[in-house]
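Next come two complexes, and both contain chain A; in the first it sits with chain B, in the second with chain C.
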Partner chain A sequence: MDNIVTIRQLQKNFGSTNALNSINLTLEKGKVYGLLGPNASGKTTLLKILAGLISNYSGEILIDGLKPSTKTKSIVAYLPDRSDLHSWMTVRETIEYYQDFFEDFDVQKAKKTMEFMDLNDNDVVEKLSKGMKARLKLALTLARDAKLYLLDEPFDGIDIKTREKLIETIINSQRDESCMLISTHHVNYVEYLLEALVFLSKGHILLKKNVEQLKEENNKSIVEMYMEVFANA
Partner chain B sequence: MLKLLKYELKSNKKLLILGAVMFFIFVMMRIALTGDIFGRANGFNLVISTVFFGGLPIIGLVIYFLYATYKIMWSEFSRHEGRVSFTTPISGFTFVSSKLLTVLVFAIIAFVIQLILVQNIMSPGITSNFFILSPTSFISQILEQVTGSFKHILIIFISALFTKTMAANVKLKKSLAFIIFITLHIVHDLFARVLLIFVDAVTNFPLFNWTFQAGPIQLQNLTEAGMYFGYLVDIILIVAMTFLSGILIDKKLNL
Partner chain C sequence: MKFKDNMPIYLQIIDHVKLKIATGEYKRAEKLESVRDMAQKLRVNHNTIAKTYQFLEKDGIIFSKKGVGSFITESEEMISRIREERIFFKISTFVNDLRVLGYSDKKMIEELEKFLKGEIQNG
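Moving on, here comes the complex of A and B:
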């Protein structure tokens, strides 16, 4: 399979703190990856670097053969862990905003997803609850026909009903030519979504394997594997 | 860039409305005030009219412009909100340019209101005629104000931008930004002085014998040429600083 992301010797420090330490990683097209690890393991930093929000790092990154730049931003759809939308906009205006700046944005898909997620066009972003904001962000991100989706903690602060809707939307959005990297510490929510796992701890990759292979080798669920790997991390 | 400009203006629509309201109030006031109703020609109420129709509104106008500039230039950096802009395929140069164009709109609003206040309301002996600048003077004054303020805005912006880019992980990043700000200002002042000496030398250098042969009109033309050369250099500086800000955002962003 083709690689959509190639990372070699990626290093990122925040002052004296080592956020990412000599990371080597490849992500293939058509797969859903789980980026799992406890808090402060470097998950968000890695996603921010791939999304182009952090450009100050050492090492090499290629996204679809290109270094992270303005060009790669047009093929990467990023869902941040916090709301980064303009709070003064209405839901309709956020759709227009995405339509204006992302050529791969599918308005019809966005509207359909918003309807499915009970979002109203005239609601102002600022007035939306945390759950509704999460729905909106996900609907906007997944309405793009991107090559790489980066979802950072998509289930944080989300109730069960909303979570089920979000997972359904993610499943419906996965395509053969795109890759999805989901960062979360809610392992149990995403267990049946994932095809491959990347375990990250203190800036190091502890493990990267296909889910099927892992289950065959260890005869354990992802949650059990997670508990085992991070027990000593 | 136009799309970004559209969203910048939309996000600052409350401030735009405030500017329009101020403009409307002062124009209405000017229309209502004909003749020397404050007795300013005789020195009566000079202090009151200067304070209430000059000083205070101008201070208000300065605060309005500074707040609008801060909000436009720094909103995406001061909060998480609006950071979606940095995930869009827009270059840093386009991002900063659209911000500066939005500031330009506010600079024009502030300048026009200031013109109404100073030239039409504060001055003694208000006639029934509005004082309106000729298009050349208007453009020249706008250029002067905009180039002057934009250089300082960009010096402050670049210094602050270091805290979100190259110096994002440095402990004393704010102190470092302040040192960069002071250094850039010193460099700018030195550059401006050298430029002034250069323009002065060119217009007065005996070898060229311009001032000998030139009559008063030609001399005025030379002074004007020097002034426009100064604007041109300022514009080049502004474009260069916009590029530098763009490069910092594209290559060294650290949010």
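Moving on, here comes the complex of A and C:
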């Protein structure tokens, strides 16, 4: 039972539009996965389903043996691609809010990460820059002691220094008991962070493979592989 | 450390550790960073570092003590072998490159001597 996530024959349509099709995927404990694909490939839909935010799909999903529901929300930490922060709160109030909301929230870890991210207790959310908001969101998500972390485009629209801080924080948060799934189209930023890649295109999984194995077999960088895989997709 | 992006990272880290042993930066029987610390330092996935350490251990370049950590080999012979391997690799690359340029062995030695005396300069 080293699988945290098992997905069988997942299908999701929005009206007549097919968002996900015949998705079969297992994710193991202790690993960091990259969910790669161009815009509109279904990455966000897949993450939302795993986060328990979309329930009308067909197929079977098990997260630590349970169907996505309010129950799994307590073991799944989800970082949405849009901000879900309350703009009028301070950093301290936001931490307290999360602490009330999630039983597995580790305040000490949150505070430590905030410090590393150069966020101050009294900073007001709406006055934070885009990069600082991205730092706050990630720090809050990773301060939970979850079994599954879902990060949707954590590197979008941020400066280099923030990116480095986010990457370091993600590496420090890697644990044997939990699994991370990170969606991104910034392949080059994350390749050392990831152990395995899932390439998604138009709602289909094109490829799932260990990063090192992929390089060993092809002598190519992940960016080159990405271009190749999606050239014909 | 800067990685080449078309080569498995574990192979590059193995090479990096061997280079540090060859140059003496890592001393005999010295304690190596933990998997976690090394991952953080190189900003690489923990499992990649764990795999790297397994390979190094299998080759006898490092050894681990349960609950204590990983250490550079205690074998002087192994350390000399790592040094010699690297020197051999550097010399053979040098010789092959000059042979491709059409240098005879005699000419190669002459050029090397000139270089060492500071008689050849770039450009």
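Rule of thumb we're sticking to: the second predicted complex is superposed on the first by the 232 of 233 C-alpha atoms of A that agree within 3 Å, B and C clash if a C-alpha of one lies under 4 Å from a C-alpha of the other, contacts with A are read in each partner's own complex, and residues count from 1 in each chain.
Note that in this section contacts are C-beta pairs under 8 Å (C-beta built on N, C-alpha and C of every residue); 3 or more make two chains touch, one makes a residue touch a chain.
Bear in mind the structure is a predicted one, so any value in this text is a computation, not a measurement.
Undergrad: Could you tell me whether chain B and chain C fit or clash when both sit on chain A in the superposition?
TA: Pair status: fit.
Undergrad: Contact-wise, after the overlay, does A:223 reach chain B, chain C, both or neither (first, second, both, neither)?
TA: The second partner, chain C, only.
Undergrad: So after the superposition, what angle do chain B and chain C open up at chain A's Cα centre, nearest 10 degrees?
TA: Placing chain A at the corner, the angle measures out to 160 degrees.
Undergrad: Have a look at where A:193 lands relative to chain B and chain C in the superposition and call it first, second, both or neither.
TA: Once the two structures are laid over each other on A, A:193 reaches chain C alone.
Undergrad: In the three-chain superposition, say which chain, chain B or chain C, touches more residues of chain A.
TA: The partner making contact with more of chain A's residues is B.
Undergrad: Report for A:167: first if it touches chain B alone, second if chain C alone, otherwise both or neither.
TA: Second partner only.
Undergrad: With both complexes placed on chain A, how many Å separate the closest C-alpha atoms of chain B and chain C?
TA: 27
Undergrad: Once bound in the complex, which stretches of chain A touch chain B?
TA: Listed in rising order, the residues of chain A that touch chain B are 13-15, 48, 51-56, 69-71, 73-74, 76, 78, 80, 82-88, 93, 97, 100-102.
Undergrad: Please name which positions on chain B make contact with chain A in the complex.
TA: By the definition above, chain B touches chain A via 3, 7, 10-11, 80-84, 86-91, 165-166, 168-171, 250-255.
Undergrad: What residues on chain A touch chain C, complex-wise?
TA: The contact residues of chain A facing chain C are 30-32, 167-168, 171-172, 174, 188, 191-195, 212-213, 215-216, 219-224.
Undergrad: Okay, in this complex, where on chain C does chain A touch?
TA: Per the touch definition, chain C meets chain A at residues 3, 5-10, 39-40, 42-48, 51.
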